[in-house]
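You will see chain A twice below: alongside chain B first, and alongside chain C after that.
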Partner chain A sequence: MKPVPFSYERPRDLNSALSMLAASRGSAKIIAGGQSLGPMLNLRLVQPELVVDISGLAELKRAEIRGGELVLGALVTHADIEDGRTADVTRGAMPGVAANIAYRAVRNRGTIGGSLSHADPAADWISALAALGARVTLRSLAGVRSMAIEAFVVGALESALDAGEIVEAVHVPARATSAHWGYAKSCRKTGEFAHAIGALLVDPAAAAARVVIGAIDTAPIVVTDAAELFGGRIAADFKQRFDARAADALLVKAGIDDAAQRHIHVSVLKRAVFEAAA
Partner chain B sequence: MTAIVLNVNRRAVEVQAEPRTSLADFVRDKLDLTGTHLGCEHGVCGACTVLLDGVPARSCITYAVACEGADVTTIEGLDEDEVMAELRAAFTREHALQCGYCTPGMLVSARDLVLRLPDADERRIRVGLSGNLCRCTGYVGIVRAVQSVIAARRGRNIGPQADGGRIHLGPAGSGRAMSGHDDQPLPTAGLELAAASDSVAPDVIPDFTPANVLDQSFTLPYMPAKVFAMFADIKGIAACLPGVSLTAPPSPERVEGAIRVRLGPIVAAFEGAARVERDPAALTGRIIGIGTDRRSHSATQGDIRYRLVPLDGGEATAVELSIGYTLTGMLAQIGRPGLVRDLAKRLVADFAGNLDRQMSGAPPREVAPAELSGLSIISDVLRARVARILGRVFAGRGGAE
Partner chain C sequence: MTQGYKPVRDSGTFSYAAHAAVVAVDPEVGEVEILDYVIVEDGGVLVNPMVVDGQIYGGLAQGIGTALYEEMPFDNSGQPLATTLADYLLPGATEVPAARLDHMETPSPYTQFGVKGIGEGGAIAPPAAIANAVNDALRPLGVELMQSPITPHRVVAAVLAARTSGRSAA
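What follows is the complex of A and B.
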């Protein structure tokens, strides 16, 4: 259970990290907290020639509110969010998600940018941030680009990151005071990767809802205009209007053939709906 | 190989290791701190949990090279920790371990919960410990132990600290390194280097709670005042102790030296320093020392207290010794209290004989390093084995009831 030997570099700033990444032509791997990459290295599932450790880069450890949205540097950890060392614009939604990621010892090192880059479908942030309508900024030597989380996650362990590009920051919009938040997941054992995730942000005042069905072994199902899951209309009685059959149909469309699996996903989503309505 | 500089249990350490070396392998294989256990080696079982910059982290999926400049605290570094002392007592009381494999990681996580949780809520404790697997206890005793410590501390008005005291953003252990890779070691001026430095004598000798205490006494046919004065002569006293040599001129308060000890086939040379305290009114004194043996990568702390009691109307003196010590490292694996007691008994007997001779004006006998006879080790090992077998039989019965 030891990784194959690799070279190790600790760049002094983001630009030198990007240069190292560009020069490596795909043989390098970025490491931050290492809580996803570490196990894969130990299991020799990943065998990079070079590991570029960005965990010391202060420019990726910023957290600030800019133009009404929260901008979190890629190196902000789950524990930073859980403990409130970063500001919160989601009225408790993000700290609540963070507090239930894996275990405290993992949250003390695991980062939001690393979790997104790893793009494990069962991880919390790709579902939670998609429901919150967050965006991600990616940087390479060529410049910066920005995209919605649901566009960033392409498939299981597949993101939109180009070679030579890293996640720089996550931009989270403020949650409206009228918006309800629900988040539920099913884990075989507390702290393990989820088998099903349901997340939703419902704003009856704006007649809008974002719903995510996650941990489906590929990119999550993200419904940005979720009226179809609530009988065609988002209103204060969204809990009563939740249509389990419509959710099941979405899962069928996503290729989930196993009825039992679909039942678990729909049930977990229903729990999230109930939480949002509570 | 890369030179990795970090602080382990409050000591600066500089050791060569490959970048792929996990922090767990680093402390176990390079520093012989084998209290950190490896179970799954992919972040699931929690046995390897250590404190990194004061908060828990998985040392199996954290690479030592990434912790450059960080403060690492392993279970060995928590001996004197107040919360850990309470947890150890509670784990003992509640039978919170059997084989002990998960215990170092379990204690590190439990300590974190004790610091952070507002109250002794069972569910929150169980969730908080879900990243530490135990295959023996069914967790009942562990949860109860953690509950009792939280309840006791909150009862004493010690409040929770929800963030565990962390103020920086980013991965625990990160951000303390200088940039670059292996050609720029951190400045370590003023720090004691465990492996690289030549001097092993620490500047400050702290108090400690000995893991083992044994009492010895002997008598001398001289008045207490004369014996007390003799005890002030550090060079003279050192000459009476088999295997002891001084490495620097002693002062009345401080002595630097080495002691060579043989334990059957094992020879250890502990080099270090000691602080000397004396109370002439009470005719008592105390010597607190720290020493390390480089060959066996072991360390010892000793706290020897003496009291002089007049005998025969003040014509003779009973020297009452209380010898406290803690042994860590490879030697601790075999240095059971029984073996050490035997060794101390022989040392004290030789010391008493030499002291008597010296005070009567005769030169001390040429002494070989103190050692245990082969027979004594064998019989001790046998005794322990018999005791273990008996213990197993009784434990088996107890478990069946």
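What follows is the complex of A and C.
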């Protein structure tokens, strides 16, 4: 199919982009890498009057370490992160996730801000960055606000973005040297979206763990204090203490009544736990 | 007037093929990986061996699709659920292994150069060969899958069913 007719603008600075969005009163769509919006337009799942191409905004391409955390502009691509063209504060966690998103052609164009805004439940960043404890900053003409990834992703293809708002940057906290990272996903074929994602950041020294079960039909399950999944205590033996039944209970609570589907999710999370412990 | 051509002998010129698959199955996640695949085909005299190999490889890809990916499901009111190639999965280059091919050349006594039809041999056998291999891998768990495509969900559902019914030895 072909998209509906739309007008196209490519603003040169962030303020002009925000003005265009504000003036359009919700009838505009932002395009960044176009890897998700392109298909959505062609299937007429979105029918904007105006497409605002933000790919020329230098403000959104910056990547720098500020106050110990990494600030990635929304236009940083998966390939930038994979190839190490941007700094890394996660000791390889983010480049590892980036390298397994779709395939290279998609990674060359797809952006971190676009991926988060699209809020596909099966996408990688919404799960991985929630596990890493990252935050997003959103900007509109009215100003800036900031929120945790798990607050930003509201449901399937649903984010907390208001009309007129743009994802400006992602703020990723540095991963402690004592923190273990595990990320696993199951895809039916190469480049296919995952049907199960498990992510965790475990720091036995701080007795803390964040766990994410993603690629369920809605926003990922994010457990910011995951002691319940490890028998009530996070310690060096977290691999042995991993409680598959507690993970299963979370999925039941999320409304997944298909036992095989839950089993796949728990098994993928277990892979991530084993990777973190390795 | 309608005219046709009817050869003296019209029984067809069937080729013969045998497929063997070695697979790895993860019973917890339901993933199936093809580790090795061998095809021996008797297409009679090979007039252009390159074309024959291409036909068999292409058939194998199609057969792997039938075995593991391609499905046209419908919901209860008859709506098709796989209407785009995002939902209707086809094997890509990374899902089709570099199969090992061998040929027997038993000339057909009925054709001009001893050739045989080579069209379908590659595509028909893979679902059976792959399903048999998957079932062989899952046999200790008391699992036998009887439906294609063999999806992760079907594998895990069958494994869980065998566990609860106590069929599993493991």
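Just so we're on the same page, the second predicted complex is superposed on the first by the 278 of 278 C-alpha atoms of A that agree within 3 Å, B and C clash if a C-alpha of one lies under 4 Å from a C-alpha of the other, contacts with A are read in each partner's own complex, and residues count from 1 in each chain.
As a convention for this text, a residue touches a chain if its C-beta (ideal position, glycine included) is under 8 Å from a C-beta of that chain, and two chains touch if they have at least 3 such contacts.
Bear in mind the structure is a predicted one, so any value in this text is a computation, not a measurement.
Enquirer: Scan A:R145 for contacts with chain B and chain C and give back first, second, both or neither.
Expert: neither
Enquirer: Who does A:R91 touch here: chain B (first), chain C (second), both, or neither?
Expert: Neither partner.
Enquirer: First (chain B), second (chain C), both or neither: which does A:R241 touch?
Expert: A:R241 contacts neither chain B nor chain C.
Enquirer: Per the contact definition in the header, classify A:A32: touching chain B only (first), chain C only (second), both, or neither.
Expert: In the superposed model, A:A32 contacts chain B only, not chain C.
Enquirer: For A:P3, is the partner it touches chain B (first), chain C (second), both, or none of the two (neither)?
Expert: first
Enquirer: Based on the superposed arrangement, let me know which partner A:A196 touches: chain B (first), chain C (second), both, or neither?
Expert: Only chain C; A:A196 stays clear of chain B.
Enquirer: Between chain B (first) and chain C (second), which does A:A260 come into contact with in this model arrangement: first, second, both, or neither?
Expert: The answer is second: A:A260 touches chain C but not chain B.
Enquirer: So, A:V268: does it touch chain B (first), chain C (second), both, or neither?
Expert: second
Enquirer: Tell me which touches more residues of chain A here: chain C or chain B.
Expert: Looking at chain A, the partner in contact with more of its residues is B.
Enquirer: In the superposed arrangement, which partner chain does A:A105 touch: chain B (first), chain C (second), both, or neither?
Expert: first
Enquirer: Same chain A residues contacting chain B and chain C, which ones?
Expert: Touching chain B and chain C on chain A: residues 39, 43, 189-191.
Enquirer: In their shared complex, at which residues does chain A touch chain C?
Expert: By the definition above, chain A touches chain C via 39, 43, 186, 188-192, 195-196, 258-261, 263-264, 267-268, 270-271.
Enquirer: How about chain A: which of its residues touch chain B in the complex?
Expert: 1-13, 16, 31-35, 38-39, 41-43, 51, 53, 55-56, 58, 60-63, 73, 75-77, 79-80, 83-86, 102-106, 108-111, 189-191
Enquirer: In the complex, go through chain B and note every residue touching chain A.
Expert: 2, 18-20, 22, 25, 41-43, 46, 49, 52, 55-58, 60-63, 65-66, 68, 109, 112, 126-128, 130-132, 162-164, 166-177, 179-181
Enquirer: Inside the complex, what are the residues of chain C that reach chain A?
Expert: Of all residues in chain C, those touching chain A are 26, 28-31, 69, 84, 86, 89, 91-92, 94-95, 151-153, 156-157, 160.
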